[in-house]
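These notes are about the structure you will find just below.
Order of writing sets the labels: A, B, C, D and E. Residues in every chain begin at 1.
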Amino acid sequence: MVTSSSLVYLIALPLFGAITLLLAGRRADKWGHLLGTAMSASSFGVGLYQLSQMLSRPTEERAIGQKLFTWIDVASFQVDAGLLLDQLSICFVLLITGVGTLIHIYSISYMSHDENRRRFFAYLNLFIAAMLLLVLGDSYLTLYVGWEGVGLASYLLIGFWNQKPAYATASKKAFVMNRIGDMGLSFAIMIAFATLGTVSFAGVKEASEGASETALTAIGIMLLVAAAGKSAQFPLQAWLGDAMAGPTPVSALIHAATMVTAGVYLIVRSNFIFDAAPTAQLIVVIVGAITLLFGAVIGTAKDDIKKALAASTMSQIGYMVLCAGLGPAGYAFAIMHLLTHGFFKAGMFLGAGSVMHGMNDSVDMRRYGGLRKFMPITFITFGLGYLAIIGVPPFAGFYSKDLIIETAFNAGGFKGILLGSITLLGAVITAFYMTRVMILTFTSPKRWEEDQHPHESPFLMWFPMVILSIGSVTSGLLFYRGDALKNWLNPVFGDHGKDHYEEHLFEPIVVSAMALTAVAIGVGIAIMKYQLSEIDAVAPQNVSIFTRIARKDLLQDSFNESVFMRPGQVLTRLLVKGDENVVDGAVRGIGRTALGAGATLRRTQSGFARSYAALILIGAVALIAGIWVVTL
Amino acid sequence: MSSLTLLGILPLVGALLIAVIPAEQVLRVKQAALGTTILVAISAIMMWLNFDESNTAFQFVQSAEWIPSFGINYAVGVDGLSLVLILLAVLLTPIVVLAGWNESEGGRWSAKVFYILILVLETMMIGVFAATDVFLFYVFFEAMLIPVYFLIGGYGSGERAAAAVKFLLFSLFGGLLMLASIIGLYVISSKNGGATFDITELSQMHNYMSSTTQNLLFLGFFIAFAIKAPLWPLHTWLPDAAASGTPGTSVLLLGVLDKVGTFGMIRFCLSLFPDASKTFTPVIIVLAVISILYGAFLAIGARDIKRLIAYTSISHFGFITMGIFAMTTQGHSGAILYMFNHGFSTAALFIVAGWMIARRKSSTIADFGGLQRVTPVMAWSFFIAGMSSLALPGLSSFVSEFLVLVGTFTRYPVAAVLATFGIVLAALYILIPVQKALHGPTTPGNENLPDLNLREKFAVGPVLAIIIALGFYPAPLLNVINPVAAQVIESQGFTDPVPSESAGK
Amino acid sequence: MLTIQTPEAVMFWVLGPLSVIAAIGMLVVKKAVHSALLLAWIMITIALFYIAQDAVFLGIVQIVVYTGAVMMLFLFILMLVGVDASDSLTETIPGLRAIAITAALGFGGLLVSLISRAALGRPAIGLAEANKDGNVQGLAKLLFSDYVFAFEAISALLITAALGAMVLAHHQRTVARPTQREQAIARFRTGSLASAAGLPNPGVYARHNAVDVPALLPDGTPAPNSISATLKARGDMLESSQFELGEVDNTVQEEK
Amino acid sequence: MTFVTPVLNYAQLAPILIVLAGAVIGVLIEAFAPRAARHSSQLFISTFSLVTAFAALMTVRNQSSVDAAMGSVAFDGAAVLIQASILAISFLAIFLIADQENFTAMAAAVPGSEEERQSLQKDLRVTEVYPLTLFAVAGMLIFPIATDLITLFVALEILSLPLYLMAGLSRRRRLMSQESALKYFLLGAFSSAFFLFGIAYLYGYSGTITLSGIQESIVGGSGNDIFLLMGIAFLSIGLLFKVGAVPFHAWTPDVYQGAPTAITGFMAAATKIAAFGAILRIFYVGFANAEWQWKPALVVIAIITMVFGSVVAITQRDVKRMLAYSSIAHAGFLLAGVIALSKSGLDSSIFYLFAYGIATLGAFAVVTLVRDSAGEVTDLNRWSGLGKRSPLLALVFALYLLTFAGIPLTSGFIGKFSIFSAAYESGSTAILITGVLASAIAAFFYIRVIVLMFFKDPVEDGTSVVIPSALTTITIAVSATVTILLGVFPAPLLNFIETTAFFIR
Amino acid sequence: MNPYNYLYVAGLLFTIGAIGVIVRRNAIVVFMCIELMLNAANLTLVTFSRINGTLEGQVTAFFTMVVAACEVVVGLAIIIAIYRSRRSASIDDASLLKR
């Protein structure tokens, strides 16, 4: 493998920014945001440079690595602090630094009134660094560092306004649920080490070829758990909605474009494991399918614009996971959807932020309406993203989603039909709820109070939105044309990357037609329901049980609370009591017993000389009784 | 006289120096204490630099007859294990002195006595880790209880006297059981080739014992160490002691003294009684797992911040014990490294918690709130320490915790899996106090709490720096630890499990 | 070889049971002085046993020293404490009586049983050989050669005993003893003139053992202060009213 | 029949004779010297005779013979060591006794009477305690070297009678003091009757009254052992009574509490040495070959004694009673040395006796200093805060408590270690385990006192620490120094004992 | 007759003496019971002296008498001292020291 000494700068630059901003404290308030943005941008520059270098090399030499130092070296457990930049990671590097830089720029303005803007930029830089480490790490353990690092950054950013108890709770919830996922990653690494004897990607790949399916399935399932935690997949999805407590740029960057897709990265990166573990793959598909619908259904019921988008994110990642679970056929498409989703979803989140910015930070879509006129740029960029996500050609989402649906149908047999149908159903619902968002926000009559003064956002905010919208328009075609992305990524997937179009259930064009029909149905229902009828400024309460359940996030929190949290609390209380009374009680009991024995024995000391004499006599009797017995 | 002996004497010299300073000159006393401890720390680091990592034998050895009638020698020496722990002790002590600059003020006695006790304790700590004579070890092991006892009882808060007594009684009980075992060993050695307390020679004695004898003697040692370490269900003294001691005392207690337990398990339980260790390993692993989860749950349920930290330590000691008895190189190295790392992360937590308590005059978590806004530096320090405690990758504890888990998994997968649940609980027990104390609206009464001053920054800074540095680059310590870990595993007759799937290749 | 003649057996079978009965008597009689007398009897019995067992010297010493001196000492003390005082024999410490009886039966029973089972593995020799130069001479030889150290050491014991008795009993004068002159002056200075002439003697007009009967004053009434304070304290004073003269016969009888 | 003129080895008997001479001179002083001169001349004579006796002992320290007094006494290494210990401790005890605050002015005066008041006012002194003490010392010197039962019995009485008397001489709480004398006397006489009964049976069994004769009978005896065992049992009752082993212990707390504290200290320290010296000789020389018969019983007694002493001590509220129960527990520990029946058992017993004796004397010396207007304060509750009132004194007392508890670096630890190893070496695992557990229980109450002194606030009830007289200071200082020295550098003494101690047969 | 018979008597006397110490309250009687025990021991000694054919037993008994005499002096002195303080010779009254 080619080595390079410059990879580390990708991470070092934003990390330097983060550390500087955190240590400098208030002194850096004036220039902190600039430094942060600059660091992110220069990292993006390094990324571009690396891309150009990569392009200049032949296909088989495109992957490069850098060993920084030996991190852990204990007998056979050897982990280097090593970086790996290949075709897969460069996609992520560019996405992270690119979108990241845009969001930095956006935040300069968005956070300009916050006295802690410097800290915000520090966190953002920290996130960029961690995320880059996640995608650049050349072993599961280095990935793990980035994995938890982004979790930490996410925690800090969700809780950026942690003076509100609810936000603080949300950040904690996100971290804890992520930790459950991390536990899965730990298990995966432990199993990998125990069974394969290594934890580096290269090593595991090599060893996995001769490994038993059982072991690989175990690793795969554990990796899926990890992915589910990070990517808000069923059943670890509950934190994402609450994570919207963070400032909107955060939602755009972390909880839409990059961090939440880390799970997909992990699965795709571990292709060699999943390829050899069909059971694990099946479970991946099932999880993806469930989440796809789950998120979509929640999305229909949300009046909070950010939560609606978050649900959508969940659903879209479901698509990616599902696709990644379909094996070599799906990896590239999963990544493609990931990238396009990165553009349009980030753009839409920024748009949502822009709307909130103009609406005094209100997030209730039922209080929006008619903003088209007041925020034209936002409307247009948001609208482009909207078209992309529902899959209208030639916008980016059309290509990526279409390919996923197609791949799903091609999975073969009943499974293929079922999965295809699910993806189609998802497309219908997506179209419905995204149209709903559009209508409620922009095109319906205004429902806001008179003292609101919606206005377009400043340049620094709309500029990134414009860039991202360009991405959401063009990226799909760019990746799709001539299977550009697929061919680019294929070396990563090794031999499996060959053509997989042998058996088509439907012709691609048929699939596209079905997808478009689905979109049309969804959009149509939404228009009928919202554009053409009155919208309540307050969510109606006399709704069906299903709506209510959907509004309650399909009871995910209630479930977690009643199954994990409350029993956990009860257990904790029981243990605390038990520790006090039983364990420590036993200790105290021993003490009391000794004291009691002392008090009892003490009575023999009655003060009467005669009883002392009796004691002596009893001793004498005992002694001669002993003699009597032993001499029998 | 070896440099090790000099290192051990140095704090005593400092104590004598302080003894002649008039009690009224408190500042002078503090300066002398700080100067001495820093000097000791520097000397220890010099020793570390001269330490030959490739050599697994004891280094800087010195041996002199002490009580020849019993074959007792004053014998000291360090290998990787003891070096790491001595470093831990001598690095933490100046930090404790600096961090707890005003801790001695609420005590029954003068500051002078406080610092004399601390310095005497430092000597004992160095001695207990450096001793290569079992008897000498025991002497230090027991004698160090006395300064701690007075530190807790004399300078602590709350029910300090009761807590001190509880601490002392638990420790004495364990110590006496160990004494019984030491006597047993001594007698066996005197019947088989001459009375000795030399650890190396004694490690051959297991060949002369019946398995029952070996098991009993092992238990004597192990229970003593399990009380120290503390392992469930022998842990109940710890929360009381830690909550009642001054933060500085608690740092030394949790950070260093309790390590004597896990140190002893490796140094004595394993090497003296290999067969008994094998016999009891399943039980101990179970206890360790229980400790991990139990400590975590109790930490979650704790209302007092000091008790919380104490319970987290119980959980962490569970990890260390598990790593030791996993009998793999990774588990062992991880456990030893964990001892060091836990010392620092707990020190950071306790030091900062101590400052918080000193400012707020309360140790109830609920009394804090919104400190991040009022005292950002203090809050950050606490946060980083907490992150280290929950073993965030990139911070020092992660490396050790993961090594322990991975090392255990290869031999006892179920235990490792159960223990891994501890990391989720860890997130809870750290984030709950973080949320309650640092986040949320500022609780009335906290608005004007002062942030860390320069001295305090100087105290906590190095700790956090070490935590972060070792998280990314643990090699300096691992290089010292690995040989000794490998040697112990080998001497136990174990080899690391071969990866199951590549066995054929 | 030791053979025991019939007279000795007879003596044993008579005195042995008697001594045991006397010992039991010691436990059950109420008055301490009776106990003392019973003990004296046991000691004499034992002295006879000594003599019967060729320990003539010890037998005599037993009678002279023990019965004669030691028991007399006991009696002295009993007198001092109150010779008539009788103990209550009801047990006040709960459970002790039962313990005592059990222990007695157990101890005695086990002892007897053990002695009966004991075997020395050699015949009883008798003292004929050892005493052939005389019992006293035999003892003296041992006493003044082999056990001379103990014999000398015992002098320390005797001194200790004397010294101890001194310490506990000797009243160091804290004030100088008043001279007769001083006493006389004091009598006149303090108190009424009635007592100036000194206290009345007991036993005036004695119709009873004089010391414990108060004197009768010239008017026929008893004078309690004529009795020793010790006797009063001990309660050994007789009720003096019974000696009070109902009517004083003032008529002077003519001498014939 | 020829009379052999007895030949006495006066050099070897010199220590005894010198002490006896001192005592007799003391009696003469009582008889003839003017009252004012008595105290100082008595003190001089006492110390002088003890020092001279010690010097005389040292000149013959390398001699050994069984013929020192026509076979009545054996003079050997063990004898030298035990006699030297007794002399040294008596010497220190004399200093305590010299502080006449302890003693009544006139023993014959009725408590509370006018006579007593006047005698106190006139500052009369019971200077007879000096000769009485010397007589007791002489008895103690003979007791452990006696090799025939007569001398043994006589010595027992010589050492006991003065103690009975002196127990009743307390200045304060005279009723209690007299009561203690009565109890001590009656129970002592009761037990000596058993002792004599035992002598009778031993004589019956063997036909001789010398220890070696008994030993020969055991080896070559015919018939059965019943008389022997009865003899051993009854003799043991008398001996165990003296050392305060359960169930023959009951006098100990009462007498320790009631007697003048100086006497209690003397009695607790010296009597124990003498009695154990005698026990060791009797069992090692006389009964060694019957060990299978007496050992089990002695083991049971030792175990009960350790546990009983420790457990009951927990509940004590009076410092003297507490020390009494502690001395009971220590009697149990010391019995372990007898049970060991080996050279190391002998060595460790002698070391333990000396260390314990010194510390006990010191502890009681401290007790004499804590007073209020009505005399010594022995109620533990009123000792609270002593560390504040008089830190040095409290520290010294804590040192004694720690040595009783057997904390390392004190003489008690070395003693315990050596005696338990000796016991375990001879196969008494039960003794080892119970000993350790009893030590743990015992630690509880020692620590409680330390807590009381250091961690509780003083009660303002007039309790104060008097300035010790120079003599008392010497006693305390010497005993504290010895206690620490023997804890840290026990080797010289241990070596000396090891090379010196043996029993001549 | 067997000389052992004396041993039985001595044993019984000793037992009775020991019981006397326990059941009697008068200090002087208690003390007399102890004297009884000593006498019983002496009788045992003398008997064994005869059985063994040596005089050591008698010598021991002789010493015992002297010792007993000394004990009596000291003991009675103590009893008298107590009696004068308390006006009572009951040993049960002397029970201030307990527990």
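Basically, contacts are C-beta pairs under 8 Å (C-beta built on N, C-alpha and C of every residue); 3 or more make two chains touch, one makes a residue touch a chain.
What you see is a predicted model; the values in this text were computed from it and never measured.
Chemist: Quick one: which chains contact subunit A and subunit B both?
Modeler: D
Chemist: Find out how few touching-chain steps suffice to connect subunit B with subunit E.
Modeler: 2
Chemist: Tell me which has more C-beta contacts between its two chains, A-C or C-D.
Modeler: C-D is joined by more C-beta pairs in contact.
Chemist: Per-chain C-alpha centres versus the global one: which chain is nearest?
Modeler: Of all chains shown, the one whose C-alpha centre lies nearest the global C-alpha mean is B.
Chemist: Please name the chain that ends up farthest from subunit C once chain centres are defined by their CA atoms averaged.
Modeler: Checked the centroid distances; the maximum from subunit C is A.
Chemist: Farthest chain from subunit E, going by the mean of C-alpha atoms per chain?
Modeler: For subunit E, the chain whose C-alpha mean is farthest off is A.
Chemist: What is the distance in Å between the mean C-alpha positions of subunit D and subunit E?
Modeler: Roughly 25 Å, centre to centre.
Chemist: Centroid from C-alpha atoms only, then distance subunit A to subunit D, rounded to Å. What do you get?
Modeler: Centre-to-centre distance between subunit A and subunit D: 79 Å.
Chemist: In angstrom, rounded to a whole number, how far apart do the mean CA points of subunit A and subunit E lie?
Modeler: Computed value for the inter-centroid distance: 95 Å.
Chemist: Counting in whole Å, what is the centre-to-centre distance of subunit C and subunit E, each centre being its mean C-alpha position?
Modeler: 14
Chemist: Two-or-more-chain contact residues of subunit C, please, as numbers and ranges.
Modeler: 93, 96, 99-100, 103, 107, 111, 114-115, 117, 120, 138, 147, 150, 154, 157, 160-161, 164, 167-169
Chemist: Touching two or more other chains, which residues of subunit E qualify?
Modeler: 7, 14, 17-19, 21-23, 25, 30-31, 42, 47, 49, 51-54, 56, 59, 63, 67, 70-71, 74, 77-79, 81, 91-92, 94-99
Chemist: Which two-chain combinations touch?
Modeler: Taking the chains two at a time, the touching pairs are A-B, A-C, A-D, A-E, B-D, C-D, C-E, D-E.
Chemist: Along subunit E, where are the residues that touch subunit C in the complex?
Modeler: These residues of subunit E touch subunit C: 1-9, 11-20, 22-26, 28-29, 31-33, 35-36, 39, 42-43, 46-47, 49-56, 58-59, 61-63, 65-74, 76-81, 83, 87, 89-90, 92.
Chemist: Can you tell me which positions in subunit D touch subunit A when the two form their complex?
Modeler: Those in contact with subunit A are residues 182-183, 186-187, 190-191, 194, 224-226, 229-230, 233-234, 236-237, 241, 246-248, 250-251, 253-254, 293, 297, 308, 311-315, 441, 444.
Chemist: Which subunit C residues qualify as touching subunit E in the complex?
Modeler: Contact set of subunit C toward subunit E: 2, 4, 8-9, 12, 16, 19-20, 23-24, 26-27, 32, 35-36, 39, 42-43, 46, 49-50, 53-55, 57-58, 61-62, 65-66, 69-70, 73-74, 77-78, 80-81, 85, 87-89, 91-93, 96-97, 99-100, 103-104, 107-108, 111-112, 115-116, 120, 124-127, 129-131, 135, 138-139, 142-143, 147, 150-151, 154, 157-158, 160-162, 164-165, 167-169, 233.
Chemist: Which of the residues in subunit D come into contact with subunit C in the complex?
Modeler: Residues 1, 3-6, 8, 13, 20, 23-24, 27, 30, 69-73, 106-109, 115, 118-119, 121-122, 124, 126, 128, 131-132, 135, 138-139, 142, 148, 150-151, 154-155, 157-158, 161-162, 164-165, 168-169, 204-205, 221-224, 226-227, 230 of subunit D touch subunit C in their complex.
Chemist: Give the list of subunit A residues in touch with subunit E in this complex.
Modeler: For subunit A paired with subunit E, touching residues are 602-603, 605-611, 613-614, 617, 620.
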